Amino acid sequence: MNELLRRILFLPEQASDYARQVDALHYFVIVTTMIGAAGVFLAAIYFFVRYRRRSESDRTPHVEPKAIHEILFIGGPLALFLLWFAIGFPQYVSLSLPPDDAMDVYVQGKKWMWKFAYPGGPNAIDRLRVPAGRPVRLLITSRDVIHSFYVPALRIKMDALPGRYTQTWFNASRPGRYEIFCAEYCGLSHSSMLGELVVMPAADFDDWMAQQRRGLASAQDAAPVPGEPVRPASSVVEEGRRVAAEQGCLKCHSVDGTRHIGPTWTDLYLRDEKLASGKLVRADEGYLTRSMMDPAADIVNGFQNVMPTFQGKLSPPEVAAVVEYIKSLKTPAAGSGPSEGPVYESVPRK
Amino acid sequence: MNPSPASELQGYNPRNYLNSPATGLKSWLTTLDHKRIGVMFLVAVTVAFALGGFFALLIRLELLTPGPTIVDAMTYNRLFTLHGVVMIFLFMIPAIPSAFGNFLLPIMLGAKDVAFPRLNLLSFYLYLAGASVALYGMVHGGADTGWTFYTPYSTTTTTKVVPILLGAFILGFSSILTGLNFIVTTHTMRAPGMTWNRLPLFVWSIYATAVIQILATPVLGMTLLLVAIEHAFGWGIFDPARGGDPVLFQHFFWFYSHPAVYIMILPAMAVMSEVVCAFSRKNIFGYKAVAYSSLGIAFVGFFTWGHHLFTSGQSTLTGGVFGVLSMFVGIFTAIKVFNWTATLYRGSISFTTPFAYFVGFLFFLVFGGMTGIALATMSLDVHWHDTYFVVAHFHFIMVGATLMAFLAALHYWLPKMTGRMYPENWGLVAAVMVVLGFNFTFIPQFLLGNEGMPRRYFSYPERFWALNVASTAGASVLAIGLVIVLVYLLVAIRRGAVAGANPWGSRGFEWDTPSPPPPENYETTPVYTHGPHEYHEDPEPPRHAAPEPKHV
Amino acid sequence: MAGPGAVAPVEHAHASHVARYAIVWIALLALTFATWGLSRFHIPGGWGVAVALGIATAKSALVALFFMHLWDQRGANRLVLVTSLVFVALLVGLTLSDSATRFPLSNPPGSEGALPVGPTDYGGPPPVPPRDRGLTP
Amino acid sequence: MSETTATAAPSFLAHHFESLEKQTHAARLGMWLFLATEILLFTALFTAYAVYRYLFTPDFQAASRDLATWIGLVNTLVLVTSSFTVAMGYGRAVRGDGKGTRALFLVSVLLALVFLGFKVVEYSHHFHAGELPGRLYVSTRLQGPGAPIFYALYFLITGLHAVHVVVGMTILAVIGLRAGRGAYTREYHVPVELAGLYWHLVDLIWIFVFPLVYLI
């Protein structure tokens, strides 16, 4: 029954007990709505036919309601609606009361990516790994504008407010991969601000976590927590790559030459860029540094002014490292034509 | 003028507001006649509707495929913002009150004009000014914030958000002046015998709308101004980096914008209360229930704004208060739906175009209303919030219910406003297309929302594709239906058959005056002895027994 | 109505109005000094605010009732003012109640019960992992 | 009754009203509705003030103590007095004494100018001290995050109020001068009443601004 109704209503799979409870309320609401609406419409259709106009001179009686009619009109729906509320409210309250033994994960939304940080441990971009069968509390915040963390399969959603925290929690019941959406409009790539929730068997998760804690954090989607002692990077270029990944630069600037929200970094160094103002500028160290500090100053033609400033967010050595990293991204047969206009990322097609 | 009302009931009134006291553009632009102002509003909102509809079609075309289809993401973001701003501020809010309300309210009260004709004209020019400022913003880049202008996005975006905010601010004043005028008119301009319990239900609903316009719009005006100040000067009221609270903006915004939903739907209910009586030739079932439920909606509608903030970190306690209060606002709509349906009982139902729109309206209002209550059911809202389910829900109410009412009003009162009839067959064909096309557009969106597709998405995962195609297909049927309506109405205004004073046999009070009405509405001040839509007795002899008014 | 007999009551009403205006004015001045004086005592808790707003309400009631003649005019005008005040209370009350009862970390840093002011980059974990905060402030 | 008024003052009666009495009633009700919108316009600011004062109580108290309370006090007395003179002026108009109305209204306008003068003193002090809203705040006296917000709200509330004072005194001046020229009569003096209502509202709002901004 659950499965049938879920499919009829196009609901996504249910990844937690909470999702199943919400869906039960959903079915109840839909079924009662349909019954109520059918009652009204059948009565209306019967009246259409029975009391259709038969001649232009039809006479109609004066009909006044009795008090009981109006009381029924008010009482019936009110009772039903309050019943909906009475079921829905406790579910909503339970969402705001995470169990004491829940594992904390810090979630940070940022144009246009999700960053997940485990206390004292590793962090990851766009991929949230959690253990199955254990409660997880999310402390959600944002770096820039309001985002909203939404996992349809869990039926949970919570806004990410800049500069402050909101919380929600879930207990995913079985391993699997689920979509994470940003549900609050946040600008240009709002619809590409996607993430993935990976629910792992608890034992696998513990292994993964132990691995991360051991410092093998150079896994592809992970970067260390800021504020921790900086690990010696293998080289300045490697340090630049790490900073770029951590700061989300690579979210908009590709390193394989594909066109994206910002100009690609491949062969960017010493390329002649045509600016929106029509001027040509050579992408030397000065230009690259300036673009990080004051992105709005020199917009490359065909791109939008969407890059945040990194003034105060990057230390001078980090800036230098990123520049070195960009310089390293040179293909052997480097052309020097201006970069192409942007193509906005569509959702990856699996 | 011809003293015998019987002969006026035939044919076209030669001395009417369209040609007296003068014709020509200047006489229209400087008119103080509420009917002319109403007609000018009607033209303006129809143009706005066409513009908003054009944006809507572009949006649907873009969503035909995942990824970029016809525009890029930036253009798409601007399109849905402009669609929202134009449809809500330029069409939905003024559509029925400022156009039909202006035309009909004084006639239904037996008055010569609204209380403050100059303010009424000012309201129209403020509308034009606001629209111009907003259009300036649109032409010069537009805004990409969504019509909700959520901070801090709206205060940091580089697009031209300030002119659009100021445009909406000015439009707010237009709305306030109209509301103010209607309240004063209803209080002070009623003809002899027009007691509160004899007011046509149209007047009751428009009155309730005006109450909301007066009380809610100033808060929106201030809020938009604060956002504009924040965007231009960085004063930090809503800026989280300076200790400001972006959620406070949402409180302010929805304090207006939730009641604003009722500014949009109450006038639709106003129209439908008239249409259902006129086309079933029945008195309304439960006059007082329907009349007072309008005031109930206006009042309780102010207590529910927090249900837009269930996922924004609002406290559980406040959320619960808003959640339970939201359940009550649905009751008033339910009362109306039941009473309208019961009105059909033992009536004499004529299935003409306005009634066809009533049927569509009833369907959309029931499902739009019930899904609204479902959305206010807190845990369900957490899943549905900001998904296509919400989009489908409010389009069911706004387009479904309000647009149906707008079209019903156009058809029902066209003979009164122009003295001419529209072609009934075309009317029914278009009505069927509009209703079906609308369903095909938005029922898939309910399912998309269930499936989890967030709103304002430029691009989407492929599993949402099929439903999006269905929605776009439906939108095209809807658009064709609307174009048909526009074409035959334009033809009918010029060439339609002469309608006569009361082609429907309606006993609404506005049908007592000739079509089109004379500039002063009635030759003599009418005197009322009973309420509107009393069909159980034979039509009385003319009941304009009052002496000649003291001043002419 | 316009006869000579009608003048006297009008004159009389006017004289009493002047007296009434003067009394209200003196009361307003007195209340202004009162609220200023009381504010110098720094009444603890929320009571200082309550007293100040109470006096302000009394003053505005005087202005509305006598200077604005609501005392004499019944009906719709009074209803308009009262209705608008109901909605003032509604907006202030419910908005404030949300700020007062929401998850404390959802309030701006540096404010009551929320995080202390820190760097604007909240990438790392917050200083105090708030655990025991739920429904109540 | 209506017969008399209609013949006594036909030029005051618009064509679509039945009697002068109804017209007066309509004008008054319209004005009250307008005042209601004004109240709600300020309510948004007062709500923001309430919320931020709750959130940043110590900052707001400190910033409030920094203001020159005596200016607030004097301004309150000035505005209350001007309201009194306006009420008196209306009382003159009821008796058909247009010259008296003019004199009293002009006194009110002068008091309004005094009010604005003090505001200028106050504002220029804030400008020099760098106590300005939001990102313009450069004062070093108060460091908390609440201070710039306090000044943003301070300037918004008192600034919007000052705009109302300017509008109100313009209206008073125009109506007062018209009254002096005998434009109104004992039967028809609704514009005087409406101008007075507007001014009393300006006063009424200040009555709340004073304790909120200066005292608590």
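We call the chains A, B, C and D, going by the order they appear; numbering starts again at 1 in every chain.
Keep this in mind: contacts are C-beta pairs under 8 Å (C-beta built on N, C-alpha and C of every residue); 3 or more make two chains touch, one makes a residue touch a chain.
Because the structure is a prediction, the values reported are computed rather than measured.
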- Task: Tell me, please, which chain's centre (mean of its C-alpha atoms) is farthest from the centre of chain A?
- Result: D
- chain A and chain B: spacing of chain centres that average the CA atoms, whole Å: 34
- Note on the structure: So, in whole Å, the Cα centroid of chain A is separated from that of chain C by 42
- Residues in chain D with touches to at least two other chains are numbered 29, 33, 36, 40, 43-44, 47, 51, 55-56, 145-146
- chain A touches at least 2 other chains through residues 93, 96, 161, 163-164, 166
- Message: Among all residues of chain B, which ones touch two or more of the remaining chains?
- Response: 187, 215, 219, 240-241, 243-245, 247-248, 251-252, 313, 316
- What chain-chain pairs meet the touch criterion? A-B, A-C, B-C, B-D, C-D
- Query: Which positions of chain C touch chain D when the two form their complex?
  - Reply: 1-2, 10-11, 14, 17-18, 21-22, 24-25, 28-29, 32-33, 35-36, 39, 48-49, 52-53, 55-56, 59-60, 63-64, 66-68, 73, 76-77, 80-81, 83-85, 87-88, 91-92, 95-96, 99-100, 107-112, 114, 117
- Task: Spell out the part of chain B that touches chain D in their complex, as residue ranges.
- Result: 111-113, 115-117, 119, 176, 180-181, 183-185, 187-189, 214-219, 221-223, 226, 229-230, 233-237, 239, 242-245, 248, 251-252, 525, 549-552
- Task: Going by the contact rule at the top, pick out the chain B residues touching chain C in the complex.
- Result: 187, 211, 215, 219, 240-241, 243-245, 247-248, 251-252, 255, 302-303, 306, 309, 313-318, 321-322
- Interface residues, chain C side, partner chain B - complex: 76, 83-84, 87, 90-91, 94-95, 97-103, 106-111, 120, 134-135
- Message: Quick check on the complex: what are the chain A residues that touch chain B?
- Response: 9-12, 21-22, 25-26, 29-30, 33, 36-37, 40-41, 43-44, 47-48, 51-54, 56, 58-65, 69-70, 73-74, 76-78, 81-82, 84-85, 87-89, 91-93, 95-96, 144-146, 148, 150, 152-153, 155-159, 161-164, 166, 179, 181-192, 296, 304-306, 342-347, 349-350
